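These are the structures in question, set out in turn.
In the two complexes that follow, chain A is the common piece, with chain B as its partner first and chain C second.
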Partner chain A sequence: MELERKRSLALSKGTIRSLYKAGISIGFALLLTSVLFLLTGANPFLAFYYIFAGAFGNVSLAAETLVRTTPILLVSLGLAISFRCKVWNIGAEGQLYMGAMLGTITAVTLGNTPLTLIISLLVSIAGGLAWASVPAFMRAKLGINEVITTFLMNYVSIYLIQWLLAFPFRSPDTLFPESAQIPSSAVLPVLVPYTRLHLGVIIALFVALPLVHFLMMRTTFGYKLKAVGENPEAARYGGINVGRTMFMALIISGALAGLAGFVEVSGIQFRMRPSLSPGYGYTGIVVALLGQNNPVGVALASIFLAAIFNGSTTMSRALGQPQGVVDFIQGVLVIFVLASEYIIRYLERKGVLKV
Partner chain B sequence: MLTPLFFLKRSRVEVPTTQADQPPGSELALYVKGVNKTYPNGIVANRDVSISIMKGEVHAILGENGAGKTTLVKIISGCLKPDSGEIYIDGRRVEIDSPLKAVSLGIGMVHQHFTLIPSFTVAENIALSLPLTGRLSLDQVKERIRSVSEALNLKIDPDARIEQLPVGLRQRVEILRLLCQDVRILILDEPTSVLTPIEVEDLFKMIRELKSKGKSIIIITHKVREALTISDRVTIMRGGRVVKTLTTKETNESELASLVVEGFCPSLKIEHVRRGEPLLIVKDLRVKGDRGEVAVKGVSFVLHSGEILGVAGVAGNGQKELVEAITGLRKADSGTILVRNFDLTNRSPKTIIKNGIAYIPEDRMRRGVILTMSVSENLVLKNFEDPPYSKKMIMDKEAMERSASELITKFGIKASDPWISVNSLSGGNIQKLVVARELSNGASILVAEQPTGGLDVKASEGVHQKMMELKSKGVGILLVSADLDEILKLSDRILVIFEGRIVGEFSRDNCDMKKIARLMLGASA
Partner chain C sequence: MIEMEWALIIGFIAAGIRTSAPLMLASLGETIVERGGILNLGIEGAMLISAFTGFMGAFLSGNLWIGLLMAILGGILTVITFGILVVRINLDQVVSGLAINLLAAGLCLYFFRLAFSQGAFPYLSELIGPYPIPLLSQIPVIGEVLFNQTIFVYVGIVSVPITYYLIFKTSYGLKLRSVGEDPLVASYLGIEVSKIRYTALILEGIFVGMAGGLLCLSMFNVFDTRIVAARGFVAVSIVILGRWNPVGAFAGSLLFGFTEALSLWIGTFLIGPESASISQLLSLLPYLVTLIALLIGGRRVRGPAALGSPFSKE
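For the complex of A and B:
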């Protein structure tokens, strides 16, 4: 009993610190965004009100926010795994596109069969995984920095797909470079009528999230991730295959990004388009950092960023402010998440804060 | 000039240097009054501690692990803030709120764990801590290093990379760095724990030199003999309090020992059982070092069950590479490593662990533990994939906690909770954790690199006791240590390593310390 109590206390201490970090990052991001609004002559309070109202104002808006959360959450859960082991996968965007493209090709090729959806989803997972396995191999076997390879492979992926959509897989019935529509059996069913809330939300929140949480917190793989991330030298000494762990972390994050891609196609777009993702692969990085690689934190951060994405459209219509504010908030968030540890330490030293 | 203090220093009245045969001058350099410190986790590290340091004095602070020595000097050097208490320097009350401030007041500390950047050169490392602005002129820094080091007779190559230097020289760089900042009160935290006997001699010579130049030196140690050798006065700490301050000349080993540990008497019985069959056979092993040089040049030996085989040598003669090849952390170029006639040459660390080779690494902070993870997680680092800690890839936290609590009690690790992060343990307790993990996993071979480095008398005895216990159970122990006393005390056989070759072998009955020391330095026996 005594130990149990102490343990929960010790755990909550770490959690409190993480919450402080997230709070500081969000606080500073909103503060700086307010300054930006003031400079462009808008009332920051009104702006944030519109963002909030635009994200959660009514049932259908809230449903849209959850729809937006889905790909962000899938991507960022994967990135949390890879970041936990300090493998910096910057290539989720390309992995997402690869998964979406291969999933779409599979769905279109198979046509209407009872297994189309499930096979296409699996192929999209495999697609993201395969795309990530190239930099993963280079990292694990050759020691090539994954930041550069994953990032550059985004361009390879996206331009390759643009070509595929412009020529071999272009739909005969449209003017744009996009694929044919996926068959109805490959579409993720809608959960709430008159909204776009589709089954993908369930996949993300109630399948992927608990699975990733379990994987990270309860399994030997989760232990290896943490050990390799925190001290690769000691991990190697302890008998952990550091290269293999990094490889696994990177391909799992690729797999989830690939899944996010096809979920977006089969839940929302129904076709593969070169404009499928407005940068979910990069938003996922912000989210994983803000959620501090904790799956629950990542889920909350996904909803937060999805809300900003959606709310800023409303805000922009109401106040005539640019939608680019979303990118601004994301950028500032990254900076302050990275700085928050130092800010907390500074406050502790000054005796303002006790964590 | 390079530092703003340079000017200040000039204008200060120079203190006449004391002669070695005189008692330290009565001029007070540092006075600490009534310092209290309680850590956030509730451990009271310092209770009403007062201490005075004279100019040109070597002052030893003697005590066990957790006696509060390190906390005290961390407060003096600005790394920690005391809860209450006052500090006076040259009679003036000062607030030391950061290490930078401490240095500006002339106080500098060499930590137990060095703070140098391995890939930088000596000059680059020293340049980092000098308050330079604008264009960095390394030549200027080198000039300064040369003038300071020549004045004190400390030979060092400013262009040498830190990673290429043996530990003794790294320590010298740390000290030199402080001297380049005009530090007058030098604090050394357990400076000899990482050094070989010869390096210790050099260090002591250096300390005497510094003292003759009027510097005050605070040396933290848990070794009574060391305090007796080097210090002018000794302050003994126990349980966070100052027990007594004595003039070294007026005390002796047994008085000090009884003050450090109440009622301590060494009880270790060394038995030399007859050795069993060969366990580990190393044949003509050649291993390259970090810079591609051949560090181990054809080493062969046999370790028997129930035997402690000591490897004596000055650090940097291939011991590290030899140990790493045996434990699978470094590729061997040629040769074989057989364990019970099973070839383990160049197998993965995991295979080697599974074949019963435990390893206590010298660099425990970097290799032995994962600082940001909990005590229980660290204790299962080598067997988390085995039951009961995990079944089918699923970890069992309760089993981890049970075994952690057990080991914490058994090895006397001071941790308030099995889930507390290793960060919050003292260096000595971290070593106990590593030893606990390695000695409890049922290995048949133990490779121990400086296993008692940084441990106090009681804890060292505990480790030695445990090693004897394993030995009596038939475990073969390869003891690599720069502490010749430790090797002589425990080993059944002693190998002397020099420049990657075994240059001498001694059995327990015919070992001659002088001969071994000569061989360690490359002289012919």
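For the complex of A and C:
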């Protein structure tokens, strides 16, 4: 009792509300997924057991889940910044690809030098940032809806990269449209032997996450993000440069997406491929919304979705379910994240819930 | 020789109009709802769902027209779902649109794989082809270009004046525009804001259903979750460039339809070792042109005043 009161004192009202929202969203999404499993003749309990076992069943599976978490977390941390000021960057997929492509070109061109890895990582950050700066400029200076421009730029970047990989930067030693292998000095070292768990997870969890947390919670920029997101007119009246804040938010999210791209190349793939990302840019949107733009929430949501990503492969194989359960869960999750505010208000009116 | 070139050019113009059809239908639908103050970015997802329901309907029944009916139903259903989120629950329109897109992608991918086993390659054995209009299609040049098209092109073209009339000359249109400018004042004047908006959304659902359905039923004979390829977002851009006017939407659709046809057309003419490379690069042309057009024609334009903002009387 005493302990409980202390805990409830430690968590602010907003945090509790956020936790309720996340809980309601996940609860409803899993409920709907269970119905789907029942309809397709699978036992939902068994299905979720297989998903969990496939994600955390042993050390190497857990390591794979963390491997999957890395790009999702990097992307969604950036999106949390952008969404906080209500700039809806849905172009993370393209920014990720641009960062990965430019990072790979840099690594291959430099060859084996002590600085290859660092320079390539920086170039990938710059690449994502530059790609995002176009819609950011159009949004901040010309007032053009960033949702449209960021999404259209995904197509430009992916077709451009398909062409780059099929022709000018095609690998000399394989038959596929992919880049040459990056030099060994550009590879992120493996942390746990016999797994693919690489240094990227440290970059995501222990460098990017605290940095973004600090930026959002402890700096004036973080305050400006929130002010612009809540009421741009009031923020402008209060002396905040709204356009500049939006511009910065969008390019920072692009930079993190670009980093995610090259981390994926140098930790896992070792070559740039047109199939690099299975939609991490879009998964990042779901994660940022589910984590309610809170860096810690985003980290938890990243692990959650990475686990479903990996676990559902095991589950599909075991139960003969089609691939793509993860996409279904992602889709319904977003709807319930949106509706959860309404559900909470409804429960409050009925007196079931007090927040 | 000259005759052959002439035939090629006519063929290109006809193809340009044909590829404009989905954009025409989608942007007319979007024009209607945006005039009522609703920004539906879920149009991309609604087109995907209609393509899927259209494909499944046609594949299972063996009848393309049943497919089209299913596509329209899929479109209406998806747009109504979006409507419940933004009209009934008053959620953020942009986020709700994104949510619909993600939901649509998830549902289509899952159910497509559920319906067909891995490695199966379902396709429709026929498509809704051109329907030459008797007599008119015999006119040289114009007949081939305008009157030997699919039903979707005819519906798109005929809908331009109808939509214009609906928005600017009817009492419904007047109510719609006032709801889009200031829903609060409109509701004081006794206009039922949500009724007007739901009606607009159902109309959009019909248009978007046809636009999505025709992708599977008339353009390609297969379904893929990437089939819409940002056409929904291009349609939203066209609405901005066309200044929320059906005539502008029509002109914009032609511009982008022709760009898409051009990028394919140039590809067929290229010869030599570089041809495959260049024609692949040309695939990004329609998106690049849309972005450039927005950069030039989309700056600080003023749409309906209440566009995108939630409204509740409370």
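By definition in this document, the second predicted complex is superposed on the first by the 344 of 355 C-alpha atoms of A that agree within 3 Å, B and C clash if a C-alpha of one lies under 4 Å from a C-alpha of the other, contacts with A are read in each partner's own complex, and residues count from 1 in each chain.
One rule holds for everything that comes next: a contact is a pair of C-beta atoms (placed from the backbone, for glycine too) under 8 Å apart; a residue touches a chain by one contact, two chains touch by 3 or more.
Keep in mind that what you see is a predicted model, and the values were worked out from it rather than measured.
Colleague: Could you tell me whether chain B and chain C fit or clash when both sit on chain A in the superposition?
Modeller: clash
Colleague: With the two complexes superposed on chain A, say which partner A:E230 touches: chain B (first), chain C (second), both, or neither.
Modeller: It touches chain B, and chain C stays clear.
Colleague: Touch check for A:G239: first (chain B), second (chain C), both, or neither?
Modeller: Touch status of A:G239: first partner only.
Colleague: Scan A:I148 for contacts with chain B and chain C and give back first, second, both or neither.
Modeller: So A:I148 only meets chain C here.
Colleague: Is A:I329 contacted by the first partner chain B, the second partner chain C, both or neither?
Modeller: It touches chain C, and chain B stays clear.
Colleague: Looking at chain A, does chain C or chain B touch more of its residues?
Modeller: The partner that reaches more residues of chain A in the superposed model: C.
Colleague: Which partner chains sit in contact with A:T219 here, chain B, chain C, both or neither? Use first/second/both/neither.
Modeller: Only chain B is touched by A:T219; chain C is not.
Colleague: Output check: A:G23 vs chain B and chain C. Expected answer is one of first, second, both, neither. What do you get?
Modeller: In the superposed model, A:G23 contacts neither chain B nor chain C.
Colleague: With both complexes overlaid on chain A, does A:G111 touch chain B (first), chain C (second), both or neither?
Modeller: After superposing on A, A:G111 lies clear of both chain B and chain C.
Colleague: Would you find which stretch of chain C runs into chain B in the superposed arrangement, from 99-107, 189-197, 225-233 or 261-269?
Modeller: The superposed arrangement places chain C into chain B at 189-197.
Colleague: For a test of understanding, state which residues of chain B touch chain A in their complex under the given definition.
Modeller: Touching chain A from chain B are residues 40, 327, 329, 348-350, 352-354, 359, 361, 366-373, 377, 381-382, 384-385, 390, 393-395, 401, 405, 417-420.
Colleague: Under the definition above, what is the set of chain A residues touching chain B in their complex?
Modeller: Touch residues, chain A against chain B: 3, 6-7, 10-11, 218-223, 226-227, 230-231, 233-241, 354.
Colleague: List the residues on chain A that touch chain C in their complex, please.
Modeller: 36, 40, 88, 90, 134, 138, 142-145, 147-149, 151-156, 159-160, 162-163, 166-167, 282, 285-286, 289, 322-325, 327-332, 334-335, 337-339, 341-342
Colleague: Using the touch definition from the top, list the residues of chain C that touch chain A in their complex.
Modeller: That would be residues 41, 85, 89, 91-92, 94-99, 102-107, 109-110, 112-114, 118, 229-230, 233-234, 236-237, 240, 277, 280-281, 283-284, 287-288, 290-291, 294-295, 298-300 of chain C.
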